[in-house]
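Take a look at these structures.
You will see two complexes here that share subunit A, one where it goes with subunit B and one where it goes with subunit C.
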Partner chain A sequence: MNEFISAGLIGVSLGAQYALLALGFTLIFGILGVVNFAHGGFYVAGGYIAYGFVSHLGVPYVIAVLLATLATGAIGYLFELFLVERIVEDHLATLMLTLGLYLTMSTGVLVAFGPESPQFQFPISGSLQIGKFHLPIENIVVLSICLLAIATVYLLMYKTDFGRALRALADDRQVAAAQGLRPRLLFPLAFGVACGLAGLTGALVTPILSLAPHVGDPVLATSFLIVILGGLGSIGGATIAAFLVGLVEAYSSVYLGGSKGALALFVLVLIVLVVRPSGLFGREVRGA
Partner chain B sequence: MQGGELRVENISKRFGGLRVFTDLSFKIAPAEILGVIGPNGAGKTTLINVICGKLAPSSGQILLDGRPVTGKPVHELSRRGLVRSFQQTNTFKSATVRENLSRAIRFSGSPISIWDRLTDLLKQFDLAPRLDEPSDKLPYGMQKMLGLLLAYTTRPKVLLLDEPAAGLERRERTQVDVFVKAAQADFGCSVLIVEHDMDLIRRLCPQILVLDAGHLLAAGTPEDVLSRRDVIDAYMGVGDDEEAAA
Partner chain C sequence: MLSFKRYLLAGAAAVTVLAAASPSRAACELKLGVVGGLSGATAQWGNALKAAVDFVVKKTNDAGGLQVGSERCQITTSVLDTKATAEGAAAAANQLVSQGVKFVVGPVVSPEATGIKPIAVRNNMLVFLNSYAKNAIGPQWPMVFHEGPGPSVWADAIVKAAKAKFNIKSVVVVAPNDQGGTDIASVDVDVYKRNGIEATDEYYQRGTTNFAAIITRILAKNPDAVDTASSAPSDAGIMVKQLRQAGFKGPIGRLGGAATDEIVRIVGSVEGVGDFYWYENVATSDPKVQAIYDDFKQVMGAPAPENTTMILWVAASQVLLNGISKAGTITDTKKVAEVLRTLPVDDKYLGKGFWTGKSFFGIKQEIAFPFGIGMIIGGKMLPVQRVEAVDQD
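Then we have the complex of A and B:
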């Protein structure tokens, strides 16, 4: 029973991290119709920027996380404004462009920091005992920040004019522009927010898991899988699917072992897609 | 609110080697309604796309109230009062009818009091009991009228309507008349209507233009223009025998 509850807690913690990543990924797809293959690159960049500030400049970790979030958001904003925006209607071209950016980012990190994983430790360690359970404090901190960030994204998207405008653009950009919305102002901001979320996740999670130039590969794959499972472009779907994937990963790795666990996850996704091709919460026909 | 004057001067549009229309000029005075008719492929929708800023003209200029607006983006022209509707149903599909209208009011900066007037129109278009239904679940005709109401909420000075009656059942088409008259009564707006429904054109438009293969074939009152042989030929097509005979 203890094992079951421990795995559940790990699953929730993983799910919160995945949700933060997938929200950014699904925002970009839902609003711009762009599959951002560079999403994993922003996760890696977030980790390395935070690492650089902490290790080379002696900046406190909390400040470094904030700076990494802002820096990745700014890179995403500029990338959309100057490159993606020119070809945003051409899905194949945006796919190649974002893939190219990912390769540039991961190779750039490789050249700048080398292939070895740097020593990047979470500043807090130890564990919290609740009854019979020992919970690593770092996981609790990361989980709390992720949940706070997810709540912020929801507030931003559903309670602000900015979010309402983005959702309107996601619905139909022609109609939204005819009502006076400025896609060319809002698209780069949305891209920046989404990439900032990936950077925040990277800065928070890589000190616990690992930091290396190519840790973005599985991040991209997982984000993609979650967003497809939840329904492309669905914010609620991505959040629920992220926690579902986190829990399935945690339980299957405990009870089935590593490779069988991964297989279980993919089989689950396959079954869901056979039954509901548009994902758990996807719309069958999208206006965007 | 005062309606706007739209002046189109010598505009042409080419896509590579394909000339969609050439050297078109016309004017819509404040509060005037102008119909634009022509066979499929005449360039009518492209004309609306060029005027509303979706496409840049290859040459020529467009003036709104005497100021050049050629090539300005759609959102900027919308904020200046030059607003279009779409040939297909175009609403915010994942949103309810109420959310659609709330968004349009918020984004266009219209006063919340416009709801009072909208309430009347919603009743006339049978949308009042369906305010909380997702717009994409509405019957086609209702989606189309909702799309027109989205344009209405921006308080247009010049309204560009792209085939507002297309796909509507005959009994629904009079709702377009109601809509145009309401927009004119409330905002005094000028209206350009691209349409194939000649009854609707006759009812609403004191003046019409006929486009054929990108050229202005005729202009005048519907009675005069629609009885012209060359207009009838352009619409119905001229058979080889007739051409040979001519």
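Then we have the complex of A and C:
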């Protein structure tokens, strides 16, 4: 029973982190139709920017996280504005471009900071002990911030004109443009928001796990898996799929082990895609 | 007529000058392949390999080159990143073949070793690799040499020391679920069992970043100790951190690649690591071993990488160059291999070593040097204890 409750808590915690990552990934696909292979790179960049501010400039961690979010958002904005935007209609070209950006970012970090993990600690440590459970306080804090950030994304997308404009562009770019919405203005902003989310996750999560140039690889794989499961481009689908993946990963790892657990997750995705090829909440065809 | 003579003389002079400047006359070039995971989770090990070869090559070239027969050869390198994968290593080996490279230092981990060996055999390429796989070397790969021994040589001494210090009765060995993990974990488990310790293994998918669930599973077995075996340094760091956060107070071992500095950084402090024991590639407390750091800085103008596998790679690279020099050829790899098998192993920094591997691998092509046992007890780092390697043959 202890393991069952513990796995549930771990699953929710993983799900919140995955959701934050997958939201950015699915936003870019849903609105621009671009599969952003550089998403893991923005996660790594968020971690290293926050680390740089804390360790080299003595900036308090909370401020460093905000700066990392803004910086990764700004990089994403400029990347879209000057590079992606020129070829945004060509899906293969954008795929190669974002993959190239990821390789450039991860190699740049490797050259600048070296292959070893630096010492980057979350400012709060210790665990809450409830009976036999040990709940790391840092995980609770990160979970809370992730949930807050997810709620903010929802407010942004569903309660603001900016969000409505982005959703309109995602639904039908030509009609939205005919109504006066300007993709060239909104796309870089959407890309910036999505990359900022990845950077925020990196700045929050790497101090509680580890920071290294390669940590973006599994992030990309997990984000991809979640948005496919939830339905490419679906914000609600990505969120639900993220928590589903987190819980399945936690329970299967606890009860089946690390190898069979990973297999269970992929079998689940396979079954869902056989039953619903467009994912849990995906559309049949992208309108944009 | 005079004009024709002038042209003839000028032409002859030009030919003479060109011949003197011709590379084929001036240069004897030995090109070494350097193959390893320079990016990805095992980048620390791959970059330690690269730094070691760079150091040995620069030192040799600065001294005028490597004496090969009557010539002094300048050494160059062709460095290729495998991302620690079998396919990456195979692709790198093929690329080196196309460049005419005959001698390769690396790769580092078992999947890479699996990828490079068939290509080395097909092309008579001499490879000096590191891998803790059960089939890292073997009679079917006569041109493949082993840079350092796996757990079959050193694990027993460390398990005995850990058992005596921490009174371990049960252990869970956790490693990635590819050959780089399973081959080492299974040998570690056997060694623990031989020492009267109840041992089980647990595996995780390579690429896992959060080990909280796997740790919950491990702790449900209520072990006295947990061993992170050959998990990547950053994976091991996260596991140690999350084990302590989950309330585990027992000793944590690492009978795999040494990476204690990185583990301590990820955990945050030596105190936070608690009780810890590990296989250290070399006896780092030995002043002779420490001397390599000064030499490296002097030659390379930069500090040596922190990972101590670098020191083993320096020794292996030097042994390879000694073999090439004694064989007197930079093309006949079979002749160099024959010389290597009989070459005494004596390293400036590590002391006397020996060739071994016959009883475990079926071929005596593995170098063994004295190694180290590291321990952190109660959050305090002890000096690494030097242990003489035991010849299993």
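Please note the rule applied: the second predicted complex is superposed on the first by the 283 of 288 C-alpha atoms of A that agree within 3 Å, B and C clash if a C-alpha of one lies under 4 Å from a C-alpha of the other, contacts with A are read in each partner's own complex, and residues count from 1 in each chain.
Rule of thumb we're sticking to: a residue touches a chain if its C-beta (ideal position, glycine included) is under 8 Å from a C-beta of that chain, and two chains touch if they have at least 3 such contacts.
Keep in mind it's a predicted model, so treat the numbers as computed, not measured.
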item: Three-chain arrangement built on subunit A, subunit B and subunit C clash or fit; value: fit
item: Subunit B versus subunit C as contact partner of A:Asp161, first or second or both or neither; value: first
item: When both partners are placed on the shared chain, which of subunit B and subunit C touches more of subunit A; value: C
item: Which of subunit B and subunit C A:Asp171 touches, first, second, both or neither; value: first
item: Subunit B versus subunit C as contact partner of A:Pro118, first or second or both or neither; value: second
item: Touched partner set for A:Gly192, first subunit B, second subunit C, both or neither; value: neither
item: Partner chain(s) touched by A:Arg184 [first = subunit B, second = subunit C, both, neither]; value: first
item: Angular separation of subunit B and subunit C about subunit A, which is computed from CA centres of the superposed model and rounded to the nearest 10 °; value: 130
item: Minimal inter-chain CA distance - subunit C and subunit B, angstrom; value: 36
item: Sites on subunit C touched by subunit A in the complex; value: 38-41, 43-44, 46-47, 177, 202-205, 207-210, 212-214, 216-217, 220, 233-234, 237-238, 245-247, 261-262, 265-266, 268, 306-307
item: Subunit A-facing residues of subunit B, complex; value: 52, 54, 73-75, 78-79, 83-84, 86, 90-95, 103-104, 106-109, 136, 147, 150-151, 153-154
item: Contact footprint of subunit B on subunit A as seen in their complex; value: 161, 164-165, 167-168, 170-172, 174-184, 283, 285-287
item: Subunit A residues touching subunit C - in the complex, by the definition given at the top; value: 2-3, 6-7, 10-11, 13-14, 17, 106-107, 110, 114-119, 121, 125, 127, 129, 134, 136, 209-210, 212-215, 217-219, 221, 249-251, 253-255, 257-259, 261-262
